[in-house]
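First, the structure itself, so that you have it in front of you.
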Amino acid sequence: MTVAELQYALGMAGTVAFAATAVAAVAPKRIDLFGALVMGVITAIGGGTMRDLILDVPVFWSQDLNYIWVALAASLVAFIANKRMTGGEVYQAMLYLDAAGVALFAIQAAHKTMQLDFAQPLGPILLGIITAIGGGMLRDVLAGNQTLLMRKELYAVPVTVGCVAYVTLMAMFPTSGSISAGFCMLLIFCLRGAAIYWDLHVPSFLLTRPVSNK
Amino acid sequence: MTVAELQYALGMAGTVAFAATAVAAVAPKRIDLFGALVMGVITAIGGGTMRDLILDVPVFWSQDLNYIWVALAASLVAFIANKRMTGGEVYQAMLYLDAAGVALFAIQAAHKTMQLDFAQPLGPILLGIITAIGGGMLRDVLAGNQTLLMRKELYAVPVTVGCVAYVTLMAMFPTSGSISAGFCMLLIFCLRGAAIYWDLHVPSFLLTRPVSNK
Amino acid sequence: MTVAELQYALGMAGTVAFAATAVAAVAPKRIDLFGALVMGVITAIGGGTMRDLILDVPVFWSQDLNYIWVALAASLVAFIANKRMTGGEVYQAMLYLDAAGVALFAIQAAHKTMQLDFAQPLGPILLGIITAIGGGMLRDVLAGNQTLLMRKELYAVPVTVGCVAYVTLMAMFPTSGSISAGFCMLLIFCLRGAAIYWDLHVPSFLLTRPVSNK
């Protein structure tokens, strides 16, 4: 298996995770199959679509429909599974797969943005974040859920740390792209994984003050 | 009247319906004239704008501002009418006009996507759905209403059935484009019309389980 | 200081205002630093990004990252300040700076759209409005707040009046672009400033009827 094949396999695994966790996230609101499929696909491809629109390049899924087929299949399975089992453990596993997807998509996006020499050095970081969390934000807005920007969960912070690290490493060691990319993906995955495992949240004293104090 | 003229007339009728039903949908929340005009225009052109951004072609209304003028006029009339009459019957008529607009815009979008040979065969279906329901979803998000993905109404399903049928028919009979398009528009309109007439909803057993069972 | 330098300075001041008022607007919901930075940047660059995607030109911040650095810095300061002081007066001052930003960004966008000869005469007005209020609408949607389209505040109306005036003046006096632009920015700022100062709202009889009357 080459690096490219590994990346592609990880990309598909991330797509599965994005779509399946999306269906699990909106299922408590009672959704039909069609809504589940749309939510799954939007979550899986939404962030990358925003990135490509801003970069003004063809949207990635128009060149490889496997991303959509896989998202549809994963949403379908998640919809059926949701009706048949409680799935606490499956959902937990999905969260880690989602973390892997976030790690991969963020660094891939930062890499793509760098290769296009777009708005360096902030562009790769911004588009890495948008790609990783944009689909989930669309899902939350369309489902009427609180977006992750308003939650205390550590989700976007690991992504940001990883993208900043990637841009920094690439500036310092421009010839070791693959190692930097691998390291930063691992960094995001470990930070996000730790947040899932220990249920880490942003501590209260780092938040703005509640309304009552105003 | 040629086929092109008929299509154009239907497009304008659909624009009227999209704008007017949008104003009617947000009116219960008390909205001023400016809000009504913006909501009407966004609903009427939002879906097609998303389609054209993804296709990377000039947005359709930049080439023919009649779409915006008509949306503004329809929103204005709907705003005034809303202040003066109860309009239950007018709204009912608008729903059928909206169904015609949805049918037309979905198949037009699928056709445009096919002509550009974009991401076949899934691209025409996805962009047909986005064009038909994208404007309404934007409206619901901006108005703070539940989006139609979370409602049990049969709205997006007829659109999807029609777009899938169109792509299938075009693959089987590539030379009978007009007949296929006409048939699929009629199919969407009849399915959506039946859902309005008999107030059809997605049956409960096809939904994900409610939260209380979790 | 040339006109171009003055415009640039005003653009940066507007960016500061957009980012800082965004953080102040979402702070009552308790947000962490990362959320504050993202909200600030999205609000500051969201409207102009939508404009550039529709115009199909490179997004403005990709050519000058100062817009993002300034938005980040302003968001950081606003986040820290929000934790340390009540800031009623600072917020009031920010509102006027925000009005100046809105005035500048709206007319700049209308001007850019005209120069590209895009969808005249409605295009410059539409994109002026989108640029001025698009970032704020994104912010409200992501924060789960009511969007300004549903509030009775006079915010978008001054922008619209100014953009319509600009397009009209440019059609009548095509050679006096700078004077028209300056006048229309001042017009928007004064109208919006008056709305802030006297807390003006859309009068009830201009609104659609409340639900209870239906």
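We just call them A, B and C in the order they show up, numbering each chain from 1.
Note that contacts are C-beta pairs under 8 Å (C-beta built on N, C-alpha and C of every residue); 3 or more make two chains touch, one makes a residue touch a chain.
Nothing here was measured: the structure is a model prediction, and the numbers come from that model.
Trainee: So with touch defined the way it is at the top, what topology do the chains form here? Options are line, ring, star, complete, other.
Mentor: Looks like everything touches everything, fully connected.
Trainee: Over half shared numbers or under half: where do the identical copies chain A and chain B land at their interface, same or different?
Mentor: different
Trainee: In whole angstrom, what separates the CA-based centres of chain A and chain B?
Mentor: Result: the chain centres lie 30 Å from each other.
Trainee: List, in ascending order, every residue of chain B touching at least 2 other chains.
Mentor: 53, 56, 141
Trainee: How about chain B: which of its residues touch chain C in the complex?
Mentor: It is residues 26-36, 38-39, 41, 49, 53, 56, 58-59, 61-63, 65, 68-69, 79, 82-83, 86, 141-144 of chain B that touch chain C.
Trainee: Using the touch definition up top, name the residues of chain A that touch chain C in the complex.
Mentor: 53-54, 56, 118-119, 122-123, 126, 129, 137, 141, 146-147, 149-150, 152, 156-157, 160, 202, 206-211, 214
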